[in-house]
Amino acid sequence: MSQHLLIAPIVLPLCAAVLLLLRRGGAVLIKRTIGIGTTLALVITGIFLVHTAGDGVIRFYALGDWQPPFGIVLVLDRLSAMMILLTAILALGAILYASAGQDEDGTNFQGLFQLQLLGINGAFLTGDLFNLFVFFEVLLIASYALLMHGGGRSRTGAGVHYVALNLAGSSLFLFALGILYGALGTLNMADMARQISAGLDAHQQGLVHAGGLLLLSVFALKSAMLPLHFWLPRAYAAAPASVAALFAIMTKIGLYAILRVYSLVFADHAGPLAGLAQPWLWWCGLATLAVAAIGVLSARDLRLQTSYLIMISVGTLLCAFGMGHLDSITAALYYIVHTTLVTGGLFLLADMIGSQRGRAGTRAVRSRPLVQPGRLGTLYFIGMIAVIGLPPLSGAIGKALVLSSAEGIQALWLWPILLLAGLCGIISASRAGSTIFWRTGEGDPDGPKMGWRRGLGITGLIAASPLLTLLAGPVSQYAAATAQQLNNPDHYLEAILGTPMLTPGAVVPHAGGESS
Amino acid sequence: MLTWAFWISSALFTLALVMNFYRVLIGPSLPDRIAALDTMYVNAIGMIIIQGLWQDTSLYFEAALLIAMLGFISTVAVCKYLLRGDIIE
Amino acid sequence: MVLLLIVLLPLAGSLVPLMCQHISRGWCAWLTALLPAIALGISLSQTSTILDGEVLRHSLEWIPALGLSLAFRLDGLSFLFSLLILGIGLLIILYARYYLSENDSIVRFYGFLMLFMTAMLGIVTANNLLLLWFFWELTSLSSFLLIGYWYRESDARKGARMALTVTGAGGLALLAGFLLIGQVVGSYDIDTVIANADQIRGNPLYPLMLVLVLLGCFTKSAQFPFQFWLPHAMAAPTPVSAYLHSATMVKAGVFLLARMFPILSGTHWWFYIVTLVGMITLLYGAWFALMKQDLKGVLAFSTISHLGLITLLFGFDSRLAAIAAVLHIINHATFKASLFMAAGIVDHECGTRDIRKLNGLWRYMPYTTVLATVASASMAGVPLLNGFLSKEMFLAESLETQMFGGLSWLVPVLATLGSVFSVAYSLRFVHDVFFNGEPKQLPKEPHEPPRYMRLPIEILIVLCIAVGLLPALTVGALLKVAALAMMPTEGLPELDLAIWHGFNLPLLMSAIALAGGLLVYVLRHYLYRFQRQFRGRDARLVFEAANQRLINSAEKLLGRFENGSLQRYMFWLMLTALLFAALGLMAIPGLDGPAAPQPIDGVVATGGLLLCLAGLGTAFLHHRRLVALILLSVVGMLVSLAFARFSAPDLALTQLAVEVVTMILLMLALFFLPQTTPRESSGYRLLRDGLLASAFGGVVASLNYAVLTHPIERISQFMIENSVPGGGGHNVVNVILVDFRGFDTLGEITVLCIAGLAIYKLLNRLRLAMPSGDMEGRAWISERYPVILSVVSQALLPFALMVAIYIFLRGHNAPGGGFIAGLVTGVALILLYMARGVEWTQRRLPFQYQPIAVTGVAIALLTGLGSWLFDHPFLTSAYGHFHIPVIGDIELATAMLFDLGVYLAVVGATLMILANLGKVTTPHRPSREKS
Amino acid sequence: MELIYSICTGVLTASGIFLALRGRTFPVVVGLTLLTYAVNLFLFSMGGLHTAASTIVGTDMPMADPLPQALVLTAIVIGFAMTAFVVILAMRARGDLGSDHVDGQRREESREAS
Amino acid sequence: MKRLLPMPLLSLLLFVIWMCLTALTPGNALLALVLALLIPILIGRFWEPQPTVHRPLKLVAYIAVLIWDIIVANLEVSRLILAPRRQPRPAFVLYPLSLTEPFPITILASTISLTPGTISAHLRMHDGTLLIHALDVEDTQALIEQIQRRYEQPLKEIFQC
Amino acid sequence: MVPWLEGLIALLLVAGGIFAVIGALGLLRFRDFFQRLHGPAKNSTLGVGCTLLASMLFFWVQTGDPSGREILITLFVMITTPVSAHLLTMTGMHHRLQRTEQTQGEPYELGSERDR
């Protein structure tokens, strides 16, 4: 049974979604219980998977018992396990928050939420490029639905941009996939890597080059790399809080895909194609950082501010990927965990703050006092310290890791930009925070209290930062091991292609055929 | 002889398609264009059948069947649209 | 362990006040003071060890990947500072108990104060540069909270933000500096770094490191030109000012100078930068301290000036000067803390800090007057007080420096000038406030403060006098070990701590300073008049304005880039993709590959031409939307013909069915949209887009051609071979869909299902104006359901169902399958909706579509899970042939069950999408969502 | 044959992209749909162009590459789902934002040409 | 019987068509039988009651005539299309229906559309008229009579209405 | 294959093509919409009919197994073409498309929503 645990992050939410969606209505309590319960189960699964992957063995699950490279495989390595766990934790915070009432603003929230998780987990686990496309689409369409949850003009406006750009992106994805299949004759990523390392003729090489770069544009769009980031700020700022929180992982999926594909398929063994994406990631990452810093500075709204802070993290990560050595990947992996959880928490927090401020909402203007200024203020303070990268929280550690991994001329570019981005963050956060929590006007506090579910959701996610600070040693160690694993795609290839039989005794690569 | 017949027939159907398409392009009225589109669908059935004969396979039968059954629905939808605006009411 | 406690106890102490919410303020103060008091005790217990010159170290592994460990050290320097921080901190706790009013939250105050204390202790005891930086930034953060303590005041908020921004920025520079040092040395461990100081000074990047580190120091210790934040930090409650500006915050900057002294000093760079900055700051602060009318303002600028002095001493690049600097740090801490507390008492008792109103207070608070006078005298450098000692050493050292060559004489002159002003403002502090006639319009009747509020001042004054009288006995040993920490390799210079060094030049300079100060004070009104010529610029306003300008220009800059236009965003996306694809294309040696192209046949050529024309037509005629749709339909049809032509019957079928559904969908939507697109793109825009689109088209065509002419070995061969033996189906495409890549299909039907759910959400409470006629103004005909259409639709249904079943059953072995069958069923039902209306159809299809679609997914999922029962991976298929007499051979496969799921999902989703959309105009419209 | 085919994909791509760059929702939707057609044709041809071949085992015709066909099938379905969503989103945008401009600007517009 | 086999003719048609579609095997016959029985029940809700066929033989004859007429119609229309200069004389003719049930009327209208130079343009149930567009007609009255004689009359007999 | 059967099939195929072209020609040649509609409504139907008949014969001869699958297509075409034509004429009437002067009789106005 434990072998099937690998597919649990996909099957669990799908089962839950089916249960939740069979009827449109249904008792709220039951739906919430299923939603939260499943997410909790995903967290446990994630922990187990991280534990399993911790031994450094790369495992795979051949769907339909069709062995790679012929069938679709799910691959569990340190990276995918980590991302699964990360998603689950973030989702738990988000679903707790949503279950305090937001889920009932429209139909089918709980079910769609699980489907979104299904898509995300699938994207993290799959070892097949076309399957990655399918999961991208699952998570995108689910995100469209969730973005529209509860309705409203700003959501519609942001939605049009978000959807149109991503639709175009999906087309580009298929072009890229087509080229790669046409040039390599396979869809399995490990097999692609093998084909490339086995040597290509010049014609194929050019095609793979085109496909690889085109694919980069798709992943760059998802990860909000400049100049393809335009969809992000508005979409994130407009989404319902719990959805925006979950969206914190969305850009990371693009980044994950970049890391996965370019560290596996276009690694050193790819000869002239090695490091295909690196320079682009590096320079565009820097540009992303710069623009995001300007964005943070200009943001007059908490949610917009958080959106741009996410973009800063994207830029940071892209730069780290662009440097592409062991230390920088280690740094990036630590940073990814930190930024995802904290920004997720900040979206929830912003919503909570906004709901207690009446018409001022999340805008940084004078308003009536908050109902719970102490609690929310503390959370905001901690969250901002973390996300801006001030000590003593995880952001500072992540940033220091990234900075210290830059060498020579790289540091000359990265340091000033990243540090100035941090300064922009300080200016923006202190301005917004002092306005919202300190510069309160007359009027009686009024609005919903945080309550235990929202409180748990927000606190849980923001508390991740202190926790990541305390556990920085082991976490960074895991990250380093992960980077090491990524750095050695040979192991991956060997695990996926070198051992053709998963089930001992099977002679044909397929166990079907016998009648049942 | 059959090969010649296939050739001629598919050339003729192609010609018919081109002429229909010309009508789609020039209109002038919307009903003209729709009528031409509808005719294209019907001629497409012929094209597919001939291809099946040519290749001596019945693999394309379903395609022809589907055009015959569904092709007119587009026409219905557009006509209803022009007549009533709301096609499902 | 001892070491760790010194930091950890105050940290724990910051939680104590939180638990004192409900007990009296007195108890709260005592309890809060308890833990730092213990920490102080622990520190003091180490006195003998430290004085012996030992260095305590304690290190815990934290983040090896970063080279960051929880490494602490207690050497003379950190010991000295720890005592200051803890000692004065305790006094502040006591003082604040009486200072804060009933309305002020004492819990918050003590909490922040203890946090700040922790951070300071961390800075001085850290033995790892990154750890030091951690605490460094933590002081910025906690001081932000402390300065903003009275957050309802605009001054407090702005002052806090300014302090945070400036010191935070400096902290970032410091981080960069530390990282550079770490990269050069390969470790952040301070011991290691000190041991490798030569390597650092010899590094070509040394100036950069130095500047970065100094930026950190100078911002923190309010050196010119970063001094402006400090006076505005006075918006904080006075105990905070007393603490931050005497013993702690600003001292962190000079502490770091001391810490980095063995690492970075000894170069020209160090000398010029540090000396110049220190000198300017010294004079600048002194001048403005004299000019200020605010009691705390005088103290703030005097602090700036004294910090300049300390910095200047560090710059002199002599070991003796560095020792003098440390001594002055101690002295300044004692007299400045007491002065601030005295000022706080004045403020507290009189209700104002305006020097022009405060006069002759000695009559009302004689005791306080005495204390303040002694402290001021110490600040002025009056002999027998501690301030005199370090001032004297400073003047002596200023004479020693030769770095400015022929201009070196300027240094002692300017130093004396600084001292003159120092005397003048000290005098002013005493005379203008406590003497000089009667008070004017005080808001309160002044009197002596409570006993315990004065106690901290008394203790500090005693220290001032004790050190002043018996320097060698009191601070001598401590000073030596502290100095030793700064010069571990060179060792200590000869140090003579005495009040009397005989008549010498420094003494003369001191005398000049005292006399000059008196003179300046007497003539101060001329100076005020002189100063009045300059328009005073409030740093706060400047800062705020700069801030605002920065934000505005950021907004403008961003707006230039992100202008909210999808057209632009789409353009960038396509341009990027084009660039990437084109780069790859250029890497292909030539488009023609080894495969000989197949001969062109006329039918394909004509079809291709039509396809191109239809595509271009759609683009060119897009302003007339319905025409564009008809042409789009032609494209769809031709594409499916192309699929049929190139041996893909399954695709042709699917494309056809989808084409019809898409058409219906677009017609439904077009009803609510304008019928024409306005011509609003400029010629330039059209040209630009046209070029981009053509270029993209060209690249795609080239890539397509390149692949087509280069056939390769593909994994699909395996699928062809295994389709029948492994998947039990002859139609390889279908076997791929339901078996080899059934997982994709599961995802695909999930997408379809979610689309249905998403669309339901979009349609909720959607109210759109329904046009009453078409675009030419014709009213709609009144006939809703033409009879002939109704009858035919009804008659078609059984046949459509049969065809669906036929296609479904054949799917595994011939073109077809659940997907197409589902679409056929769905379309047939939609036709009924069109022909008969929602009301009629709804009555006959009384169920919701969501459960159907979801059931479909559920069946597919369960089929997949079923293989677990046989201990096979998810979605493993099985099939078998069964022979039944008469009927013959029947094949049953789990894939069929999976396909049934697909069928249901497609039917459900199609209806969910189209029927719900159609219902928008009817009373059955979706309206569950909250709006 | 390959040349004609490639030109067709290219032209459809170009038309689709041109429309996707327009400023109103409906042309954008039509453009994206065209682009989807182009993509499907492109992806399909990655298995090579086979005349008189089949994907059914057991016929006496040569085999065409079935894998791209299956992929395109999936892509068609997903494309349909996405088109459906975006077109209804366009409707919603018109309702919510009062205009069918992609940026939702409020502009004076007349539904009818008259 | 009525519940098991609500539409015998439809069932028969379905059975025959299924057998046409698939190979003639016992298994398929069984399946065809199941479908022929199942589908009418499935779609029963959507089937508004229609007049039933009372004279099946007449129906066969009718179909034969129809096919013949279609061929003739095509040749005639082809001649018109191909005739270089001759301009046809089109007409809108209002045809008075004597049939009243929608189903037979639909058959009639379809027949008209499929046969010589005529298309049923619009049906008005309330006054029982069918507007016909004829491509080339001299005498509209003759056309009406021809349709009545050749199609409507037989249909009335077939459906007995 | 028997030559005469082959000939018949060939003939049917070519006839089908010719009818399709004539239908298309009608769509192009006639002066008004209502006339143009007659071309496809009949000729194209017969064109496809001929082809289907050819197909039926061909496969019957090839496999030796009579199969009536094509009948189903014919049936569908015959059911659906008149409906298309009917709705198209209605649309033409609604749009009051120009008629040639020779046209006898008038199409009446279709009842409009606003009249009610």
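Going by the order they are written in, the chains are A, B, C, D, E and F; count residues from 1 in each one.
To be clear about the criterion, a contact is a pair of C-beta atoms (placed from the backbone, for glycine too) under 8 Å apart; a residue touches a chain by one contact, two chains touch by 3 or more.
Each chain and its UniProt protein: A = Monovalent cation/H+ antiporter subunit D; B = K+/H+ antiporter subunit F; C = Monovalent cation/H+ antiporter subunit A; D = Na+/H+ antiporter subunit C; E = Na+/H+ antiporter subunit E; F = Na+/H+ antiporter subunit G.
Predicted model only: the values in this text are computed from it and were never measured.
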Those chains which touch chain D and also touch chain A: C
Graph separation of chain A and chain B (steps between touching chains): 2
Contacts common to chain C and chain E (chain labels): F
Between B-F and E-F, the pair joined by more C-beta contacts: B-F
Farthest chain relative to chain A (centres taken as mean CA coordinates): E
Approximate Å spacing (C-alpha centroids) for the pair chain B, chain C: 60
Chain B-chain E separation of Cα centroids, rounded to whole Å: 22
Chain D and chain E: spacing of chain centres that average the CA atoms, whole Å: 39
Whole-Å gap separating chain A and chain C, where each centre is the average of the chain's CA atoms: 17
For chain B, residues contacting two or more additional chains: 10-11, 17, 30, 34, 59, 65, 69, 71, 76, 80, 82-83
Residues of chain E engaged with two or more neighbouring chains: 17, 21, 109-110, 120, 123
Of all residues in chain F, the ones touching two or more other chains: 25, 37, 39, 45, 69, 72, 75-76, 79-83, 86-87, 90, 94-95, 110
Chains that touch, pairwise: A-C, A-D, B-C, B-D, B-F, C-D, C-E, C-F, E-F
Footprint of chain F on chain C - complex, ascending: 772-773, 776, 778-783, 786, 788-789, 792, 795-796, 799, 803
Of chain C, residues touching chain E in the complex: 786-788, 790-792, 794, 797-799, 801-802, 805-806, 832, 844-845, 884, 886-890
Residues of chain A defined as touching chain D within the complex: 130, 134, 137, 141, 144, 148, 151-153, 156-157, 159-161, 163-164, 167-168, 170-171, 174-175, 177-179, 181-182, 187
Chain B to chain C touching residues, read off their complex: 10-11, 14, 17-18, 21, 24-25, 27, 30, 33-34, 37, 40-41, 44, 47-48, 51, 59-60, 62-63, 65-67, 69-71, 73-74, 76-78, 80-89
Contact footprint of chain D on chain B as seen in their complex: 54-55, 57, 59
